[in-house]
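Two complexes are shown next, each including chain A; its partner changes from chain B in the first to chain C in the second.
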Partner chain A sequence: MHKGDRGVIFFFLLPAVLLTGVFLYYPFIHSIIKSFYYSDGMFINRFVGIENYIRLAQDEVVKIATLNTLEMMLYAVIFQVGLGIVLALLVDSIRFGKNFFRSVFFFPVAISATAIGLMFTLFYNYDNGMLNQLLVRFGFEKVVWMTEETSLLAVAVPVIWQYVGFYFVIILTAISKIPDDFYEAAQLEGITGLQKTIYITLPLIWGDVKTSILLAITGALKVFELVYVISSGGPANSSEVLGTYMYQKTFTGQAFGYGATIAVWIVILGLLFSVIANRLLKKEEITY
Partner chain B sequence: MRKWWPSLLAVVLILVAALTGCSQSADNGKIKLRVVTMFGGTDPAKKAYEQALKDFMKAYPDVEIVDESMTATGDDFRTKVKTDFASGNEPDVTFFFTGAEAEPIIQSGAVVPYEEIFAKDKAWSDALSDNVKQQVKAKDGKIYAVPITGFYEGLFVNKSLFKRYGLELPTDWEKFTKAVETFSKNGIIPIAGSLEESYYLIEHFILSAGGPAGHNSKFDNGIHPSWAQGLEKIKEVYDMGGFPKDALTIKDAQAQELFKNKQAAMIVNGSWILGGLTDKEDVEVIPFPVMLGGKANPQDLVAGYTSGFYLSKKSYEDKDKKGLALELIKYLTSKEMVKKFAEANGGVPAVDTKVEGLPTVYQQGHQMVQEANSLSLPIDAQISAEAFNEIRKGIPHIVQGKKTAQEVLQAAQKIEQEKMPK
Partner chain C sequence: MKQLTIYEKMTLALFRGKITRMVTFICLGLWSLTTIYPLFWVVNNSLKPSHQVINDSFSVATNPTLTNYLNAFEQVDIGQSYLNSFIMSGGTVLLTLLVGGLAAYVLARFRFRLRGLLQTVLVASLLIPAFATVVPVFGMLKDLQLLNTYWALIIPHTAGFLPFTILVLSSYMATIPKDLEEAAIMDGCSRFAIFWRIMLPVSRPAFITASIFVFLWSYNDLFSALIFVPQEDVRPINVLLTTVSSQYGTDYGLLAAAVTLTLIPVIVLYSVAQKYVIKGLTSGAVKG
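So, the complex of A and B:
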């Protein structure tokens, strides 16, 4: 390394270091410290040792919320990334209207989650909701869409719907980068459409799929607005995810110490799952 | 070695400037007052309030008001105010609740007690009656919030629906349950209630069971038996089909919508809903009936003055702001303004002024408060936010028979006790 390089490297890294330091690492360290306190965020600030962590381990709702978050993660990987791949493959194989579909599928990503949440609230509403009005129009009985059994699915649908387009665009871009000669060569060998997808396209975009899966996993941990707006985690905590429970405890309940403890738990889960996913998905990437 | 540090210094300076300096460099010589109130969104007093701000800015051309008001329905507003104060970013003027919720803000020393200011401005101070002052006093006996209007809660009914099914208004428990059964049978929602945002239901069922003594017992001597009795009664009414089919997930705003559209016959709510009603002549308000075995007097109410203008200490002591935050508060709480607010939101004015030209239901409400046997503050103004939240979030569990009321209350009590050091 040239002697002056170190300075230049430092110089270029500095803005990023400062910004993440101030807005990410400082608050995070502060949260860890807060998690050892009983705190209402203002007046009361009492050191309680690991009491909050004991409470976290015993909290029934944390268990439900963690399981729900994991379920959400599963949906995200299977449906967000899975559907994203399927849609990308379909759109890639059509001749006209690629841009049209690209915009249409990507559009929900650009809408605010709160607006989508409100829209789905209006779909699910029992007395005046769209779904029930349709049912009545076609001569069926009204249905309670949000019950303890269905609530998680009911909030998962908009979560998936919103982000499919995001992964779709990533995958579509990856596919379009594959050189045409690969397909032409395979064509000469007499490859079929499905074989082409399985033996050429998928292996070549594996790196991007992996990134998408990691993004989907970490994204699922951050699901908040849609659940908050549509169900507030209800009925009876059945659709509670870690994000909504943390918000509820920290802000609605003014229990900042315990809220910080839940936040630390979210971070631990996030790290754990990124490491696991990285391990599982370790497969030779093909460079071309 | 190349000299890289001057450019490094420049970047640091730019960043520091970007992070700290923006707000000051952007002003145009005007004194900025940041105001956060609940007169935003769908609040009925929004128009009157916004007009008042405009008039104030006309009278004081060197003032620029940054209005960050939002509706107080749900808990977003509370969160915003608490977070602003917790992060040391308190507004110059805040319109917020009094009672338990404000206690942390008061104890943090961020707001000014009004005693000295009242002493200097007798006319302003005397406009507020002693009764009102008593109600807004903080734990330390001082006044930190100047109220405009008070509120009352009660059972609001759509009279035409009662007439259609030949029912009497639900003035006692028997008539109430009969109405619930009849409406439920005929496909009308008896009570537009959200069991997710069940603030008003919790208060009224407990008040009905225990009277003011039970309702205001907090957790002082353990769990008052009327609390469990009241919450179990919510389950009974739920089992009778008293609430919307999706009561477990709808929000209060949606419940209000059902009542407004006359899809529901009754709603337990507060005086603030009157402003948004379209057919005000058809609505009547009565006290929530006393349940069988309940200890309440039929005239016991949840009502009072539980909100007011807080003055930021930082702003009050800032010479550059010239005490204008206080001037704004004085302006907004003047007799003339209070009257305008009361006309808009149907509340009971905090100062001695006559509100005229309002629909009958408003007068009924004011009369109900005047004739009340007792006025209690809502439970969430009396116990800690987290403990009340535990009860509220427990209601869906109770009505579905997954937990007993006693279990939910014990969990809430435990949280309330944790607040105090062992």
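So, the complex of A and C:
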């Protein structure tokens, strides 16, 4: 350490500590505290103990939104990560065009979910939406795409579609890091094709698959834009997720305390499922 | 070489065969189609008059018209929202990089007592979703009378993206040899001068990666923008999109043009800087 380094440490860290302290960590703690208050965001701010949590447990819409969020989580793990793995294996097996597919598969991740949402409303629209135009052209009847039964699937499709490329890139990079000797040794043993994939590639990238699954789980809890734009949680709350319900309660319903309670519930679910997934996926990781 | 079973011979033949290669390319081609075609559909329809989109959205716009784009600028003033988006996301990027860069430098170069704790807290904060800070931040911005000003988005975004930025920058800076700095210290340079003249230029790749991620997250974020800057004169382009879709829901041409305009900056950025996006993604798993 040089003379005056203490000062440097202090003054260089100060802006970051202030900004995150005041606008990230403090609000996080404050949200937890606020979840025990009744607050309309204006004049009333009253301590109510666990009343908000009792309300949360009895709220039918919370039940729907939680189940929908969990369903979204399941889709994310199966389809986002699953398709990501399949596409990565396929792209890894080809000799030319790798960069092209990587650019094309990844770009939906970069674009705005709001714009994607608006795009999908143009697809799903009953009068002259893209899908119904397609049906009419082939001589079928128009279909109502947003019903209470289908709305969750209708919003899940773009959610999945947007992020497949993200996991694809993570897995593809992991595969390309596997040293060639492993495959050469395998070839000497006569292991090729599907067996090679199952016994060599997959075990060697297991760590990255695990990371992807954890990211898919926490990502599913953050879904907001697509649902807000495509269905606003409707019809009749059938496609409500926790993010949209939290927004609606807090900023349309002026229930700031209860909104904070829903936010805490989202964080709890995130921690819970990360821990569960971590346990389930525990397996010797192979280092090389 | 060891004797192969029939099953092994079959997979061997299949995986070397042309059929497999063809199937692979068909699968990859199909997924590419799902990412490229929707985008083409939107851009294509933005160049047609609305009545034509309603009747036939699949035909290629043979007589492209810019009417929808003119409407977007005149009727809904998309230009103002563009400007707002660029000011707020650009401001967020600059502030995050400056504040984050200074903090990252300290974490990468100095050993001090709270260092370990700070790093743990940084990693943990990646798990805090925006839902869990929004209620108190809204209250604070209101008390500071900052709601519906550019700062109302810049400050929370900066605070939210700082942990990621600091982690990315400091892990890069830690790999840079110390020789240059030590020579500079001998010459009597101040620590800030070292940061500004040496660390910043040398760590350019990491700064570029971080700035692209921060820009994309900030530009694409709808949730915070809806809450902190919904007013007409300051709202960013995503907020405008949601209003356009509810007000002009039947004007398909206009909607397609608005979506296209929202996507243009991102697509330009993505094609120029794709290398850095992929690098950032694979150097440390990240998700916004």
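Everything that follows uses one rule, which is that the second predicted complex is superposed on the first by the 264 of 288 C-alpha atoms of A that agree within 3 Å, B and C clash if a C-alpha of one lies under 4 Å from a C-alpha of the other, contacts with A are read in each partner's own complex, and residues count from 1 in each chain.
Operating definition for what follows: a residue touches a chain if its C-beta (ideal position, glycine included) is under 8 Å from a C-beta of that chain, and two chains touch if they have at least 3 such contacts.
Owing to the predicted nature of the structure, the values given are computational and were not obtained by experimental measurement.
Asker: Contacts for A:41 in the overlay, against chain B (first) and chain C (second): which applies, first, second, both or neither?
Answerer: A:41: touches chain B and chain C.
Asker: For A:185, using the defined touch cut-off, is the partner it touches chain B, chain C, both, or neither? Pick first, second, both or neither.
Answerer: A:185 contacts neither chain B nor chain C.
Asker: Of the two partner chains, chain B (first) and chain C (second), which one does A:126 touch, if any: first, second, both, or neither?
Answerer: In the superposition, A:126 touches chain B alone.
Asker: Contact-wise, after the overlay, does A:235 reach chain B, chain C, both or neither (first, second, both, neither)?
Answerer: first
Asker: So, A:15: does it touch chain B (first), chain C (second), both, or neither?
Answerer: Both partners, chain B and chain C.
Asker: Quick one: name whichever of chain B and chain C touches more residues of chain A.
Answerer: C
Asker: Applying the touch criterion given at the start, work out whether A:251 contacts chain B, chain C, both or neither, answering first, second, both or neither.
Answerer: both
Asker: Per the contact definition in the header, classify A:161: touching chain B only (first), chain C only (second), both, or neither.
Answerer: Only chain C; A:161 stays clear of chain B.
Asker: Taking the superposition as given, does A:114 touch the first partner, chain B, the second, chain C, both, or neither?
Answerer: A:114: touches chain C, not chain B.
Asker: After overlaying the two complexes on chain A, where does the chain B footprint on chain A coincide with the chain C footprint?
Answerer: In chain A, positions 4, 8, 15, 22, 41, 121, 127-128, 251, 256 sit in both the chain B and chain C interfaces.
Asker: Which residues of chain A touch chain B in the complex?
Answerer: Residues in contact with chain B: 3-4, 7-8, 10-11, 14-15, 18, 22, 38, 40-44, 46, 121, 124-128, 142, 144-146, 148, 151, 230-232, 234-237, 248-249, 251-256.
Asker: Which residues of chain A touch chain C once you look at their complex with the stated criterion?
Answerer: Listed in rising order, the residues are 1-2, 4-5, 8-9, 12-13, 15-17, 19-20, 22-28, 30-31, 34, 41, 83, 86-87, 90-91, 93-94, 97, 101-108, 110-115, 118-119, 121-123, 127-128, 130, 133-134, 137, 161, 164-166, 169-170, 173, 189-190, 192-195, 211-212, 215, 218-219, 221-222, 224-225, 228-229, 242-243, 246-247, 250-251, 256, 259-260, 262-264, 266-267, 270-271.
Asker: Contact residues on chain B for chain A in the complex?
Answerer: Counting only chain B, the residues touching chain A are 1-2, 4-5, 7-8, 11-12, 15, 19, 75, 78-79, 82-83, 85-86, 103-105, 107-108, 189, 195-196, 244-246, 248-251, 254, 257-258, 261, 263, 384-386, 389-390, 393, 396-397, 400, 402, 415, 418-419, 421.
Asker: Quick check on the complex: what are the chain C residues that touch chain A?
Answerer: Touch list, chain C to chain A: 1-2, 4, 8, 11-12, 14-15, 21, 24-25, 27-28, 31-32, 34-36, 38, 41-42, 45, 53-58, 98-100, 102-103, 105-106, 110-112, 118, 121, 125, 127-140, 155-156, 158-160, 162-163, 166, 185, 191, 195, 216, 219-220, 222-223, 226-227, 238, 241-242, 245, 252, 255-256, 258-259, 262-263, 266-267, 269-271, 274, 277-278, 281-282, 285, 287.
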